[in-house]
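Two complexes come next, and they have one chain in common, chain A, joined by chain B in the first and chain C in the second.
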Partner chain A sequence: MEQLNYRHVAAKRANGSKAQALVGVVASGNLEVLVERTLPDGECEVDIRTADEGFGKLWQAVVADFVERRSPGGLKLSINDGGARPDMIALRLAQAVRAVEGERS
Partner chain B sequence: MSATLMDAWYEASARQRLSGLLDEDSFMEFIGPEQRETSPHLSLFNLPEQFDDGMIVGRGRLNGAPVLIAAQEGRFMGGAFGEVHGAKLTGLLRAARGIASMPVLILFDTGGVRLQEANAGELAIAEIMRALIQARLAGVPVIGLIGGRAGCYGGGGLIAACCSALAVSEQGRIGVSGPEVIETNRGVKEFNASDRVLVWRTMGGKHRLLMGGAEIFSDDSMASFREAARYLIAHAPAMTTATLEAEQSRLEQRIARFGGFEDSLEIWRSMGADDAKAIPGLTYQEFVVLADMLEEPRHDAR
Partner chain C sequence: MTVWDNAQRARDSRLQAGARYAQGKRVARQDATALLEAVIQPGDRVCLEGDNQKQADLLAVALAAVDSGKIHDLHMVQSGVVLPEHLDVFEKGIAKRLDYAYSGPQSQRIARLLFGGQIELGAVHTYLELFARYYVDLTPQVALIAAVSADREGNLYTGPNTEDTPAIVEATAFKNGIVVAQVNAIVDKLPRVDIPGDWVNFVIESDKPFYVEPLFTRDPAAITQTQILTAMLAIKGIYAPYGVQRLNHGIGFNTAAIELLLPTYAERLGLKGQIATHWALNPHPTLIPAIESGWVKQIHSFGSEVGMDDYIRARPDIYFTGPDGSLRSNRAFSQVAGLYACDMFIGATLQIDLQGNSSTVTADRVTGFGGAPNMGSDARGRRHPSKPWLQAGKEADPDSPAPLRRGRKLVVQIGETFGGKNAPLFVENLDALKLAGKLDLDLAPVMVYGDDVTHIVTEEGIANLLLCRDKDEREHAIRGVAGYTDVGRGRDTKLVQRLRERGAIQRPEDLGIDPLDADRDLLAARSIKDLVRWSGGLYSPPSKFRNW
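Right after this comes the complex of A and B.
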């Protein structure tokens, strides 16, 4: 298992007031994202546990792109990964923010 | 009525089933994913955990009435029972026994015990069965709903057999040894696991309903399972010696009647289905009409 952790500065706070949301499932090629509103408004943290070791650079790029697009300020996102590809990861991260912002996931 | 994709039970996640089944926004989870009560075993095998360990337990309302409820996520490790996964259901059933006035719904979706935590998983099955029977003895209806991708196999099949009543959809399968297990141990001549039609007509919802292994045949939709759950809670049999004796005698009659047959098609014919081969292709409504004519006589036992 490999644990990866990325902290970013976010331009704005994520909308809504929901405290947490959970999307996805830990299955082959899939992942779950638990999103919790626990950080100061300008911060974002993504914590990843994955069985596929050695893909740190890919995760770093996907997470940086996600923070820039969604500006998930105040959110901590915890991921259990079942070997998902970058496109699936990006979709799940976006879905997690929508879910905690109160839109339908 | 054909279910839309969003409404389909089979396609839904455990959490989608909970929100589709219960009254809107009524679900309150116990030991939610934020508590990270994950498996202590999986990391030893270099396997990823899931925050809820594939078992979601809590309380909610069904048509206004409070219920305790558990749902398995069949896509995480095949919905298999591990230590934490099982302990959450044991705890729910013990709470149900203590409260004694809230029925329990179990949304099965499982291949059985998780092999990576086999001993803990097997123990969990035994603890769940004990807690379930104790809850039933306290007067609590425990209803199983089966229509997920993984079916209800292994220890899950044993737990289902302990329930007060079951609802199953056509997609749902109930058994102890799954198709691959039978083929591996007894050979392809005994059971060809790659023959999907054979698997479903032996273990699938239609056959289980006709044989009396489930009380209600549900359509593959949230609404149909909700109606089935509501009905079964209201009509759950008591857990008494008389119930068990009636069940024993019913099983004896069943094996006397059907024990010599090789295939469910022969059983259906002997029940009076002239066109037994057509049964797997019948729609929900067509099958319900036929089943009402063919089904084994009802007992307050299963």
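Right after this comes the complex of A and C.
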């Protein structure tokens, strides 16, 4: 089990006012993302617990692209990862933002 | 004086030796090995019918049981190395040299035997290429084939899985060779004649039906959202703009997703009748919803698929069927159809390098190619025009005068940037190169050459290699869809951006596709049971796909 944490500055606050949402499942090749609106508007934090060790560089790149594309200001995302591939991770992160924004982005 | 009929005399003496075990053409199955010892001679070229699906399994067991003191140094020329016995003959010293096309289930063991020197490898072929050599320099002296039934004269009914049999028998029977057939049953009257009896020398009735591998069944339940996204990209970014009507699909989950999106996503895009109407394709169960929705006009098949026979029989407007009502497949003709009469091949692969070369060989697996290189290559002898072919040719070469410009077949590689066990789809160097080095091969086993590939589709977007003007652009079009792999992260972002502005790279958003819309609800069938329902109960899936 490896724990990773990334903090980013986000360009704008995530839409909507929903306090939290949960997407995905913890399963092999999948992941669960809990998203909570707990941070100041210009900040974003992604906290990861993963079964697959040694993929820090990949996570860093996926998370950085996610913050740039979706601008999830004010959100803390906590991930329980079952060894998902980057395409699945990017999809779940985007789904998490959509879920907490409460509408289609 | 020159003698001109040595081979005929040799055949006659083999026939005589074999006749000892035969009543007419019929040989009891317990005499199968003795028959083979009588008609085969050391050093013979032998085709032991191992097709993509159908296997002459009784004859494989019989051949593996011959005395290697009597029969040895055989040169096996068969398209599929599928059964354990296909390799047992090498371990037992019965066979020595191998020319083949495909080795799916035996790919690890074949690699070990190659490394150990027990197999002397001629070459790994495409199906069509190996069949071609049956008529030039690899003509079998003996062919051991499989059919559904035979009559007393030795006429054969090969049924829905005719596959390679006509190509093998024609080459053997008309060049002084011996043809031995195993059949599931000997009957008074055949449903139809697929192979005339005077081309067949011996018939053995098996105690169980020949083995058929269900190779083209993909369970919709296993299709991921990422695969659905790649399917949406392919439909909207390639099928639609080129107007692809005549095509072949590979066997992966991405193309299964495309098949299941035709009656839903593609229908909403208004593409019905515009794309995917004429196919060279095995009877994929995942195409049933599109067929039932009126998308498909015609399908010619290489082989059949387990469980699809009743459905095919009930849809003769779509499939090629005989007077008996069952499918007539033919691998050689369907390969020719895929090569010359299709405008697109789309399929998955295991590795793609920076030039776009792709391979399914890894360090310890020598899988072979099957038909992919025939489907996935530009037919340089093609002369008939079509809209997609002309359009692709124009994109590759905008400056030549149109009447003198060759068209191009669309050859599309589709997949997720990371495959099973997080193995990257994109690599700096193919494992096939390492293998070629280790085995001292003149050619690395490349499945589709980079200069034949026109598009690469991943979840990150579509690379259009036709629009790349030099090696550097090509490399960056590939890096630009390679996601978070090392190859993808090694991109020059400015160059990738320029390629995107020119349309050589298209992102989902450039095509108006939101990755979050890639939902399993888009699949016309989400389980095998859904497929059975779509077929009105005619599709009868094999038990390993039944989970209800």
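As a working rule, the second predicted complex is superposed on the first by the 103 of 105 C-alpha atoms of A that agree within 3 Å, B and C clash if a C-alpha of one lies under 4 Å from a C-alpha of the other, contacts with A are read in each partner's own complex, and residues count from 1 in each chain.
Note that in this section contacts are C-beta pairs under 8 Å (C-beta built on N, C-alpha and C of every residue); 3 or more make two chains touch, one makes a residue touch a chain.
As the structure is a prediction and not an experimental result, all values here were calculated from the model.
Should the pairing of chain B and chain C on chain A count as a clash or a fit in the superposition?
Aligned through their shared chain, the two binders fit side by side on chain A.
One more residue to check, A:Val26. First (chain B), second (chain C), both or neither?
first
For A:Asn15, select first, second, both or neither according to whether it touches chain B, chain C, the two together, or no partner.
neither
Check the residue A:Ala51 against both partner chains and state whether it touches chain B (first), chain C (second), both, or neither.
first
Could you say whether A:Val62 touches chain B, chain C, both of them, or neither, answering first, second, both or neither?
second
In the overlay, answer first, second, both or neither for which of chain B and chain C A:Glu36 touches.
So A:Glu36 only meets chain B here.
Measure off the angle at the C-alpha centre of chain A toward the C-alpha centres of chain B and chain C in the combined model, and quote it in steps of 10°.
70
Between chain B (first) and chain C (second), which, if any, makes contact with A:Arg98: first, second, both or neither?
A:Arg98: touches chain C, not chain B.
For A:Ser78 in the superposed arrangement: first (chain B), second (chain C), both or neither?
The answer is first: A:Ser78 touches chain B but not chain C.
After the superposition, what is the least C-alpha distance between chain B and chain C in whole angstrom?
Least C-alpha distance: 5 Å.
Once the two structures are superposed, pull the chain A residues common to the chain B and chain C interfaces.
The answer is that chain A has no such residue.
What residues of chain A sit close enough to touch chain C in their complex?
52, 55, 58, 61-62, 83, 85-88, 90-91, 94-95, 98, 104-105
If we count contacts the way the header does, which residues on chain C are in touch with chain A in the complex?
Listed in rising order, the residues are 224-226, 416-418, 422, 459, 483-484, 489, 514-516, 518.
Which of the residues in chain A end up touching chain B in this complex?
Residue positions touching the partner: 1, 20, 22, 25-27, 30, 32, 34, 36, 49-51, 78, 80-82.
Which stretch or stretches of chain B touch chain A in the complex?
13, 15, 32-34, 43, 46-52, 73, 75-76
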